[in-house]
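The structure under discussion is supplied below as structure tokens; questions concerning it will follow.
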Amino acid sequence: MFNAKLASSTDLQQTTIVKLSSNVTIGDEEIIIIAGPCTVESYEQMETVAQKLKTSAIQAIRGGAYKPRTSPYAFQGLGVEGLEILDTIRQRYKMPVVTEVMGTEDIHIVANHADMLQVGSRNMQNFNLLKALGQVNKPILLKRGLAATLEEFVFAAEYILSHGNPNVVLCERGIRSFDTYTRNVLDLGAVVALKQITHLPVIVDPSHAAGKWELIPNLAKAAIACGADGLIIECHPSPEKSVSDARQALTLEAMVNLAESLAPVANAVGRKIAKTLALV
Amino acid sequence: MFNAKLASSTDLQQTTIVKLSSNVTIGDEEIIIIAGPCTVESYEQMETVAQKLKTSAIQAIRGGAYKPRTSPYAFQGLGVEGLEILDTIRQRYKMPVVTEVMGTEDIHIVANHADMLQVGSRNMQNFNLLKALGQVNKPILLKRGLAATLEEFVFAAEYILSHGNPNVVLCERGIRSFDTYTRNVLDLGAVVALKQITHLPVIVDPSHAAGKWELIPNLAKAAIACGADGLIIECHPSPEKSVSDARQALTLEAMVNLAESLAPVANAVGRKIAKTLALV
Amino acid sequence: MFNAKLASSTDLQQTTIVKLSSNVTIGDEEIIIIAGPCTVESYEQMETVAQKLKTSAIQAIRGGAYKPRTSPYAFQGLGVEGLEILDTIRQRYKMPVVTEVMGTEDIHIVANHADMLQVGSRNMQNFNLLKALGQVNKPILLKRGLAATLEEFVFAAEYILSHGNPNVVLCERGIRSFDTYTRNVLDLGAVVALKQITHLPVIVDPSHAAGKWELIPNLAKAAIACGADGLIIECHPSPEKSVSDARQALTLEAMVNLAESLAPVANAVGRKIAKTLALV
Amino acid sequence: MFNAKLASSTDLQQTTIVKLSSNVTIGDEEIIIIAGPCTVESYEQMETVAQKLKTSAIQAIRGGAYKPRTSPYAFQGLGVEGLEILDTIRQRYKMPVVTEVMGTEDIHIVANHADMLQVGSRNMQNFNLLKALGQVNKPILLKRGLAATLEEFVFAAEYILSHGNPNVVLCERGIRSFDTYTRNVLDLGAVVALKQITHLPVIVDPSHAAGKWELIPNLAKAAIACGADGLIIECHPSPEKSVSDARQALTLEAMVNLAESLAPVANAVGRKIAKTLALV
């Protein structure tokens, strides 16, 4: 498909399984659920998050240290301090962390503090970044651009693959449309298509697609039902106090409930969710 | 929401149940599956369809007698002859039929031959048609326009409701986007939102959204998982011979299999599919 | 192009000239400017408009009697009373009038009171209406649908042409996009393309595209510069009191100034604007 | 507007004039025309281009040394060799050159070989790049992202301005839409709006918008008519042999003719084009 020779599926049975840590993988029978706040705000915040999520089927934590913000005057993230918080959390709670890298100059430090490096939607065709990530020894979470065609998305993955890194996870997170009720339009047809035309794992971010917390649980179920390998969802100890994306953050309680509610849907399509991890 | 006083939900417990026939309803616990060809081509075709679908959980038949076609030189449908075929089929097979009405001048005859009148995407804001359908004593299937906002969609329903017909079923069928891999983008966020902001049943047409038959089964599962009240899907005895939409039609076999595969997903979200109806 | 045999241009020299009245045409060297309020509100309003516009190069008047409104509770237009006002105005001021027809049932009466019948964006693919307008002996102003491809737009014209009416004028009026600063995106590339692939006159409605009056004069100049055959623009004696589209209406003074400012642009591309008509 | 304090216009009389070289500026009465091939292919190619363009009102040359390509297997540009060709050309022909910079690591070398650094559409929200370009002592040509709102576009400029570089030129180059006849939709409403809400120069790239050479001349006229400060257009000695964007490249002859044809339109809106520069 699209002559993307490394990303293309030649055999629907062949699928790539990406390893986040010794016991957390993406792309096999078990659905991955990655959750956490939009932005790393403090150690206390992340600890509250990890303690709660650890009691559920959620296996990995997200949180932004470098934040791509529309305005230069908006909070740009804690940077290195945020990475260090994430690093402490992942070690203490034995949960892999995913965080965004915004430029080649930050790859080294981000790779040293996180288990998976996220390329944000705005950078999906930052080809210099993609090439450099092809030489990194960590898995990459590649988010679809806001107006990226499937061809462009698959070729963005191909940039990473062809530069040497086979561990790419695709993430559908909503595309731009004319309607303003939802923030973006979650394109689950793309998920079904990507699972057919590539062998890469595909996860779904319903938070940025919906932009409203009350739409997220049902979209999460839909994502699993259509064959997604997992979810990445925003939650926060006090959504109304979140420094960013407050309108779309679930409470931790709602996040844990959502994770539980996915089990029957996963089972209905031959998948399962993780066993709850033991409390630390 | 949107000041659409009749369509708006004031109480999430209150939902409208639309009756298609004495034993077929839309909007209650049981998921409705409506299936059939894009276009009514002959009596034999429709009989083959009905005989096969009757053996499954599919409860209603679709088929176009009046066809909205981009080109005036494309086949415009069998018209009254098509309606008569549908009428015979629904009586013989005891399956309600859904068919499109394209103008006020055809409302009377279509209402006399079908159980539910469909307003196509291109006519979603044909306000003269909507007003006239408000005075009809048959349920209306209102398809979302290709670039309709949720506000416009809900207000289109409000036109029908406010002119006297309370039996409106909304149908998400994909919206226009920049990508060409799928025909349109299925907007399941809209389904989740519509179920929250209105009390009307909402069904999903994955066929016109996907435009490719191989994407349809997984999108159908996603639709049910996110809370849709049913599906309307195109199938054909010989898809490659279909006079229209051949690329997106399922075989009858695949259609029946799809219907069966929906049961566990429906159960996972507290719904069910119909018991298979007895063979005629 | 697109197999639209009647609409397609086979010879760039051949162009259709549509006659609105004995001395007003669309498609020849002279640019047409059609102006007036969104909605016909009263005889006094229309008379004020006509008196002012008559002093300028503006040759025709627009005004809606039947109004397509998103909400059924919004003002739906004066209907027949509005048509009668338009009829009186056109006779008294010798200016042809353009007004929208929303359904087949209204064609006869609209055709009896107006010089050109407008098909609105929402009805661009109301094929029953298009077919019926193919049998009318008045020119048709066909507005592009909000998400219509050029192929669909040209074929919509072809519906009218192939049913017997050769007098179709195309109107680009903005398409839906993700941005909210302008109401729609004026697609002048479509105007350039339509002038190449069809022989029909093409005019531009910058009012509905921009949605903000302050953007309209410069977009009007752009439209003429790229080859449009004319403009249709909303203006009102007191924009802030307009029952609809107040934000995009020019004052009559601004409208007349705009018309004058177009002369040098028209000249720069080998066109001209009309001589100012004598005062009544 | 949008709280972009440095980019926002507080006074329509105040406008920024960006200096490309000792005698070439953007944003004053004279329209700038920048032309050249999509990709720098060889010294001979660029010399042929410069010799021809030098005979016209075209004042600056474009050409890509680092090429953002959808596929990693497509030609990625000559890199440093391409920059050196551009550098020789600009010195020999006394024409400033504009070329793209794709990452922070290339800023230094690109700034040393070119007169204006272009940020491509895909990098419009590559915030690390924008911040770094804020510290460069060369003007920046910032192209609008394929699905960027005006707010996002203005804030992207604000990133550069707020990091210290006041010399930013905005470029509208078409946005993504559903139609496939043109490559993108040229949004001249955005140009009119940007001239009102910012004090920055705004130029237009009709080549990437149209995607078809035959649409470009008329769109170029429209751009000037609506108030753009200039144009950037693709041309090639042998368009059919171009390594990229062949379908949209003008011949050099057509390019020179286009430049000449803009004079009357520029005059019609109170602007002018450059006097033809002396032959070398």
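Going by the order they are written in, the chains are A, B, C and D; count residues from 1 in each one.
In the analysis below, a residue touches a chain if its C-beta (ideal position, glycine included) is under 8 Å from a C-beta of that chain, and two chains touch if they have at least 3 such contacts.
Since this is a predicted model, take the numbers as computed values, not measurements.
Participant: What chain lies farthest away from subunit C once each centre is taken as the mean of the Cα atoms?
Facilitator: A
Participant: Looking at subunit A with subunit B, do both copies bring the same residues to the contact (over half shared) or different ones?
Facilitator: The interface of subunit A with subunit B is built from mostly shared positions.
Participant: Using only Cα atoms, superpose subunit C on subunit D and state the rotation angle in degrees, rounded to the nearest 5.
Facilitator: The rotation relating subunit C to subunit D comes to 180 degrees.
Participant: Can you work out the whole-Å distance between the CA centroids of subunit A and subunit B?
Facilitator: So the centre of subunit A lies 34 Å away from the centre of subunit B.
Participant: If you average the CA atoms of subunit B and of subunit D, how far apart do the two points sit, in angstrom?
Facilitator: 49
Participant: In subunit D, which residues are in touch with two or more of the other chains?
Facilitator: Residues 147, 151, 176-178, 180.
Participant: So in the complex, the part of subunit A that touches subunit B is made up of which residues?
Facilitator: Per the touch definition, subunit A meets subunit B at residues 147, 149-151, 174-175, 177-182, 185-190, 192-193, 195-196, 209-210, 214-215, 218-219, 221-227, 264-265, 267-269.
Participant: What does subunit A use to touch subunit D in their complex?
Facilitator: 3-4, 68-73, 102-106, 122-129, 131, 146-147, 151-152, 155, 158-159, 162-163, 176
Participant: Once bound in the complex, which stretches of subunit A touch subunit C?
Facilitator: Contact set of subunit A toward subunit C: 147, 176-178, 180.
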